[in-house]
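Read through the structures below before going on.
Two complexes come next, and they have one chain in common, chain A, joined by chain B in the first and chain C in the second.
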Partner chain A sequence: MGSSLAEKLIEELNCETVFTIHLGSFEIPVMESVVVTWIVMAVLILIAIFLTRDLKTQNISKRQAFAELIYEKLTGIVGGMLGEEGKIYTGYLTTVLLYIGLSNIIGLFGFKSPTKDLNVTAALALMSIVLVEFAGIYQNGVKKWLHKFTEPVAIVTPFNILDVFTRPLSLCMRLFGNVLGAFVIMELLKIVCPPVIPAVFSLYFDLFDGLLQAYVFVFLTSLYIKEAVE
Partner chain B sequence: MITVSFWNILWTVVNLLVLFIAFKIFFFKPIQNIIAKRQEEADEAFKAAKVKEDEAEAKSLQCDEKIAQVEQEKKQILSEARKSADEQYQNIVAEARANASEIKTAAATEANREKEQIIASAKKEIANIIVDATTKVVGGQTGAEVDSNLFDEFIGKAGE
Partner chain C sequence: MNTLIAIGAGIAVVTGLGAGIGIGIATGKACEGIARQPEAEGKIQKNLILGCALAEATAIYGFVIALMIIVMLQ
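Our next item is the complex of A and B:
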């Protein structure tokens, strides 16, 4: 029983290569998480296209009202966290919020969450830190951006430099760990007490925690950007 | 999966960028555009309403002015009319008065004249009657002297 459970978990955790693209001398593997990401993207883009079909300025349809509500709410939340100077990054972070949110709960529909793959969260974190540093340089110029490492006092410079690496690492690990942890707990619950109880916990672990982690990821990234563009 | 795969990270980065661009094209841009357009329309409508309001205000002011002007004109015309009516009245009254006095004087002169005429004719008549009567009474003792004396006596008595 013990070994079969472990095997099952590992099998669930494994991210298999679905197919490989041969491009000249390169062999590009396409993993399961990438394929599921495509599904997530397709769903999001189709919903976006559906919602923004034939928009009007007056006598708007319920669909358009819903689209505008989502737009206003999401950009309001993300833009509020970014502050006035970081407003231009709202679009990207809102996209990330939607992507992580849907990726985290897509497990409910029988897919393997892409965010359960460390590479996906690593890529997300990588892009976040690139965006943060880019925002800092873009807003303040290289000189001031470099000078920021010595603030508030010169002695913290090593820690500030370390921050550039620890921040994405913590972003990446937090998201991955939460999704993985929730998944493991849910799997254990399903095995230990099958019928009703997992459904209740699933509400928390799959839905609430998934959306919460998406929010936390975006919140922290926008916090870093806000700090960088000050 | 805990192993790190370069390709997987690259795929995810590409996927994210594609998703971001797709969202920009299919979600953010259209909604931003439509909101901006609506704002523009609202601004325009507001501006148009403002222009109309200003126009209406100007018109109302104009009307007020016109009404005041008309009122003024009315007053003027009325006062003029009153003045001319007064004048006419005075004229008529004066004329009437003049006429009346003329008529009065004419009547008075006429009456006087008639009175004198009547008196004169009466004197003559009376004289005749008296002459007749005395002639009858005195009878024989006629004479021009007596007649004349008697006549004079009578006249004097009648005049008293």
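Our next item is the complex of A and C:
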């Protein structure tokens, strides 16, 4: 049992190549996580198109009311975290929230979560830190942005510079570790007590924890942005 | 060799100890705060989730390291 579990873990850690695109002499391997990301994108785009068809200003349909409810709630949550000055980044962060949320719970439908691939979470974290630094420069200008590294006292400058690298690392590892950890625990439970108990735990680990991690990722990114733009 | 790998992975997972204590203290204090000021529940909850996520990260690092020890050294 032990060795088979280890093999399964290694198999899950390695992201498989689904197919390869040939471009002249170049070969672009397309990973499983990319294909599942396409599925996530397709689902989100189809829902968006379905919900936003023929919008009206008066006598709105139930569908439009539902779409407005979702929009108001999501932008309310994300905008509230960003504060007044960072409001322009609401759109991006809401998209990331929807994407990570759906990616984490898509494991329930038999797909491999894209967030279980370290490359995906690393890319998300990199995008976050680039946005954070860009927001700081855009809001305050290069001079003040550089000066912020020496605040509150000059001696913490190395730590502030280190922060630029540790923040994306911790964002990336947190998301990856949580999703993978939940997955490993679920696999162990399925081996130890098969019939009913995994279903109950799946509610917590797959649904609740997945959505919570998406929230935490967006929350931390917005916290950094808020700090950068003030 | 396998025994050593298992012991190393086990030691790495001990990081969960700190995260458990930290989240326990944070939740206890949050409950006290809510009992004292029920109207501040929303704000307290938000900060509690953030604190728990940060505290939990250490346990996650331990878990990732343990997994890497098992997978890489085999």
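Assume the second predicted complex is superposed on the first by the 229 of 230 C-alpha atoms of A that agree within 3 Å, B and C clash if a C-alpha of one lies under 4 Å from a C-alpha of the other, contacts with A are read in each partner's own complex, and residues count from 1 in each chain.
Heads up, the rule we're going with is that contacts are C-beta pairs under 8 Å (C-beta built on N, C-alpha and C of every residue); 3 or more make two chains touch, one makes a residue touch a chain.
A quick note: this is a predicted structure, and the numbers were derived from the prediction, not measured.
Chemist: When the two structures are laid over each other on chain A, do chain B and chain C clash or fit?
Modeler: Overlaying the two structures gives chain B and chain C room side by side.
Chemist: First (chain B), second (chain C), both or neither: which does A:29 touch?
Modeler: After superposition on chain A, A:29 lies in contact with chain B alone.
Chemist: As a test of reading the superposition: which chain, chain B or chain C, is in touch with more residues of chain A?
Modeler: B
Chemist: Please indicate which partner A:123 is in contact with in the superposed arrangement: first for chain B, second for chain C, both, or neither.
Modeler: first
Chemist: Considering only the touch criterion stated at the top, classify A:88 as touching first (chain B), second (chain C), both, or neither.
Modeler: Neither partner.
Chemist: When the two structures are overlaid on chain A, which partner does A:137 contact: first (chain B), second (chain C), both, or neither?
Modeler: So A:137 meets neither chain B nor chain C here.
Chemist: Which angle, as a multiple of 10 degrees, do chain B and chain C span at the CA centre of chain A?
Modeler: The three centres form an angle at chain A of 110 degrees.
Chemist: After superposition on the shared chain, which partner residues are touched by A:39: those of chain B (first), chain C (second), both, or neither?
Modeler: In the superposition, A:39 contacts neither chain B nor chain C.
Chemist: Touching A:212, do we find chain B (first), chain C (second), both, or neither?
Modeler: So A:212 only meets chain C here.
Chemist: Return first, second, both or neither, reflecting whether A:68 touches chain B, chain C, both chains, or no partner chain.
Modeler: A:68 contacts chain B only, not chain C.
Chemist: Return first, second, both or neither, reflecting whether A:49 touches chain B, chain C, both chains, or no partner chain.
Modeler: First partner only, chain B.
Chemist: Could you say whether A:186 touches chain B, chain C, both of them, or neither, answering first, second, both or neither?
Modeler: Touch status of A:186: no partner.
Chemist: If you take every C-alpha pair with one atom in chain B and one in chain C, what is the shortest distance in Å after superposing?
Modeler: In the combined three-chain model, chain B comes within 8 Å of chain C at the C-alpha level.
Chemist: Which chain A residues lie in the overlap of the chain B contact set and the chain C contact set?
Modeler: In chain A, positions 13 sit in both the chain B and chain C interfaces.
Chemist: Would you pull the chain C residues touching chain A in the complex into a rising list?
Modeler: Listed in rising order, the residues are 49-50, 53, 56-57, 60-61, 63-64, 67, 70-71, 74.
Chemist: Which bits of chain A are touching chain B when the two form their complex?
Modeler: For chain A paired with chain B, touching residues are 13-15, 28-31, 33-34, 37-38, 41, 44-45, 48-49, 51-52, 55-58, 64, 67-68, 71, 75, 91-92, 94-96, 98-99, 114, 116-120, 122-124, 126-127.
Chemist: Which positions of chain B touch chain A when the two form their complex?
Modeler: 1-5, 7-13, 15-16, 18-20, 22-24, 26-28, 30-31, 33-35, 37-38, 41
Chemist: Along chain A, where are the residues that touch chain C in the complex?
Modeler: Residue positions touching the partner: 6, 9-10, 13, 170, 173-174, 176-178, 180-181, 184, 212, 215-216, 219-220, 223.
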